[in-house]
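Note that chain A is present in both complexes that follow, paired respectively with chain B and with chain C.
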Partner chain A sequence: MLVTVKILRYNPEKDAQPSYQTFQVEAEETDRVLDLLEKIKGEQDGSLSFRRSCGHGICGSDAMRINGMNRLACKTLVRDVGDQITVEPLLGLPKIKDLIVDMKPFFDHYRRVMPYFISDLPVPEDGRERLQSPEERLRFDDTTKCILCACCTTSCPSFWANDQYYGPAAIVNAHRFIFDSRDTATAERLQILAEEMGVWRCRTAFNCTEACPREIQITKAIAEVKQAILSGKV
Partner chain B sequence: MSGQRSVKIKPNYEVIAWKWMRYTAIALIPLAWFHMILQDVLVGVHRIDLNYVQVRWAFWGWRVYDFFLLAFAFAHGVNGLRQVLMDYIHSEKARIWVSWGLLVFWLVISLIGAFAIIGGVRMPSS
Partner chain C sequence: MSSLKTAFSGYVRYKGRAGHWAFLLHRITGLGTLLFLTIHIVDTSFVYFAPQLYEHAIALYRNPLFMAGEILLVFSLIYHGVNGLRITIFDLWKPEWWEIHDERKSVLLTLIVAIVLWLPAAAIMGYKLLEYGFGFFGG
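And then the complex of A and B:
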């Protein structure tokens, strides 16, 4: 089938404003949007720029707006979106070139919540792992699935309005450690998220939950963090 | 839930404001609804004059009611406005100025309202 791909292009050295360019590509309906972009880059216009790495929905590098929704190009099939496809860079982050955005503000927020295991407890006697029951592990299972693609944060209207908001992805990654029974920096993380630009900027729009390619219940995770701040219980 | 841990979190201004919004919202459901049904439907806006207010405020219960309405509704609204503005004001300095400005605005209007409720109605002598 012949697919029309309309791409929002931007070359900072030449263009004052981004503008759309349309390509026609021969494709199967089981092809991924990433395949179409590769085809265009390989056969029609080598200057087309986008990020990709694994091609299997794991590295999180090819998040973009496809027909108005944030998705991974490598997980979106032509048959899911039809033969008229519009591809744009993620909203809310500075554009670098074509579909590539500057992820620095996103990762700055991510670092702010200390997204790593912290424990001031002594190493267990046998010098091996810190044990955890299956129930305790289940408590934060959902938020371990994040691949930091930024689909959620850049779909959030609060983040569009003010990019100083830490955003859903940072809160999801804080949630992963806040509810981990082995971690001891819970209070510090909750205190950071209780600040003006923390969880209170979330207006439960649910855009993040819909955008997440890993199907994480993001709005629920944010609500659990709010609840933990209010009740002092995790 | 089993194995729940307790953590100490210092409540900051944002946490208190967030709780305030929830509690006042609950209080406002009966307060604002009853106020609206009474004033706009049963009495009717065109029949509200100084006389009516004098009769109404002759009973102290109505003064308490109006005081709660003023305290909750106006603070709820002004804090809501602050939340929306915080989304769009990107400079931290400006956010602080706007917050203080709104606080003063809220205080002045609330005080005028409180004076009226406490002072009651004095009919012009003519």
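And then the complex of A and C:
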């Protein structure tokens, strides 16, 4: 089938404003949008720029707006989006070139919530792992799945309006440690997320949950953090 | 790109699902109600500061266009209230309902409840509009 791919192009050295360019590509309906971009770059216009790495929905490099919604190009099949495909960069992050955006603000927010294991308890006597029951592990299972692709944060109306908001991805990664029974920095993280730019900026528009390619229940995780801040309990 | 431009571009062009529309409707009804309240406080203050202007303001309220706007105002108030309750209940007591399936259903249910609550008032106000505004029903 012949697929029309309309891409929002931007070259900072030449263009004052981004503009659309349309390509026609021969494709199978089981091709991924990433395959189409590769074809365009390889056969029609080598200057087309986009990020990709694993191509299997794990690295989170190729998040972009496909037909108006944030998705991973490597997890989106032509048959799911039709033969008229519009591809645009993520909204709310500075554009670098074509589909590449500057992820620095996103990762700055991520770092803010201390997304790493913190424990002031001594190492177990046998010197090995800190044990946890299956139920305790299950408590934060959902939020361990994040691949930091930024689909959620850049689909959030609160983030569009104010890029100082930490955003869904940072809160998801805080949730992963806040509800981990082995971690002891819960109070610090809750304090960070109770700040003006923390969880209370969430207006529950739900775009994050709908956009997450890992199907993390993001709005639910944010609500759990809100409750933990209010009750002081996890 | 300014944040305001980004936000508006997203509001209009991002293809969100039910939650996105509920968010937009919540914002529009909220801002609409705020606008009305502001106007209403100003015109009521005319009673004290400029009585002749107050009469003029009341006459404006009897304009059919304004009466139709009031029917929408009632919907705005009811929708904003019902949707606000939904969000409050989900956020404060039932975070487990923030799952895709439940959330989509709750958006629809909220809209239905708001419309059902609005219809009686809309019917009465619509009747009055037709009666006084357009001379129906012997008005």
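Methods note: the second predicted complex is superposed on the first by the 234 of 234 C-alpha atoms of A that agree within 3 Å, B and C clash if a C-alpha of one lies under 4 Å from a C-alpha of the other, contacts with A are read in each partner's own complex, and residues count from 1 in each chain.
Definition applied: a contact is a pair of C-beta atoms (placed from the backbone, for glycine too) under 8 Å apart; a residue touches a chain by one contact, two chains touch by 3 or more.
The structure presented is a predicted model; accordingly, all values stated were derived computationally and were not measured.
K.L.:
Touching A:T186 in the superposition: chain B (first), chain C (second), both, neither?
P.N.:
First partner only.
K.L.:
Between chain B (first) and chain C (second), which, if any, makes contact with A:I229: first, second, both or neither?
P.N.:
first
K.L.:
Between chain B and chain C, whom does A:A161 touch in the aligned arrangement: first, second, both, or neither?
P.N.:
Touch partners of A:A161: chain B and chain C.
K.L.:
Applying the touch criterion given at the start, work out whether A:E135 contacts chain B, chain C, both or neither, answering first, second, both or neither.
P.N.:
A:E135: touches chain B, not chain C.
K.L.:
Which partner does A:S49 reach: the first (chain B), the second (chain C), both, or neither?
P.N.:
After superposing on A, A:S49 lies clear of both chain B and chain C.
K.L.:
Does the superposition put A:G68 against chain B (first), chain C (second), both, or neither?
P.N.:
second
K.L.:
By the touch definition at the top of the document, which applies to A:E196: first (chain B), second (chain C), both, or neither?
P.N.:
In the superposition, A:E196 touches chain B alone.
K.L.:
After superposition on the shared chain, which partner residues are touched by A:Q21: those of chain B (first), chain C (second), both, or neither?
P.N.:
A:Q21 contacts neither chain B nor chain C.
K.L.:
Taking the stated contact definition, name every residue in chain A that is touched by chain B in one complex and by chain C in the other, in rising order.
P.N.:
After superposing on chain A, chain A residues 161-162, 226, 230 contact both chain B and chain C.
K.L.:
Under the stated contact criterion, what part of chain B meets chain A in this complex?
P.N.:
On the chain B side, the touching residues are 2-10, 12, 14-15, 17-19, 83, 86-90, 95.
K.L.:
Name, in rising order, each residue of chain A that touches chain B in their complex.
P.N.:
Against chain B, the touching part of chain A is residues 133, 135-136, 158, 161-162, 164, 181, 186-187, 190-191, 194-196, 198, 200-201, 226, 228-230, 232-234.
K.L.:
Any idea which chain A residues touch chain C in the complex?
P.N.:
Residue list for chain A touching chain C: 65, 67-69, 91-92, 155, 157, 160-163, 203-207, 209-210, 217, 219-220, 222-224, 226-227, 230.
K.L.:
Could you please specify the touching residues of chain C with respect to chain A in the complex?
P.N.:
Its residues touching chain A are 3-4, 6-7, 9-11, 13-20, 22-23, 26, 87, 90-92, 95-96, 98-100, 103.
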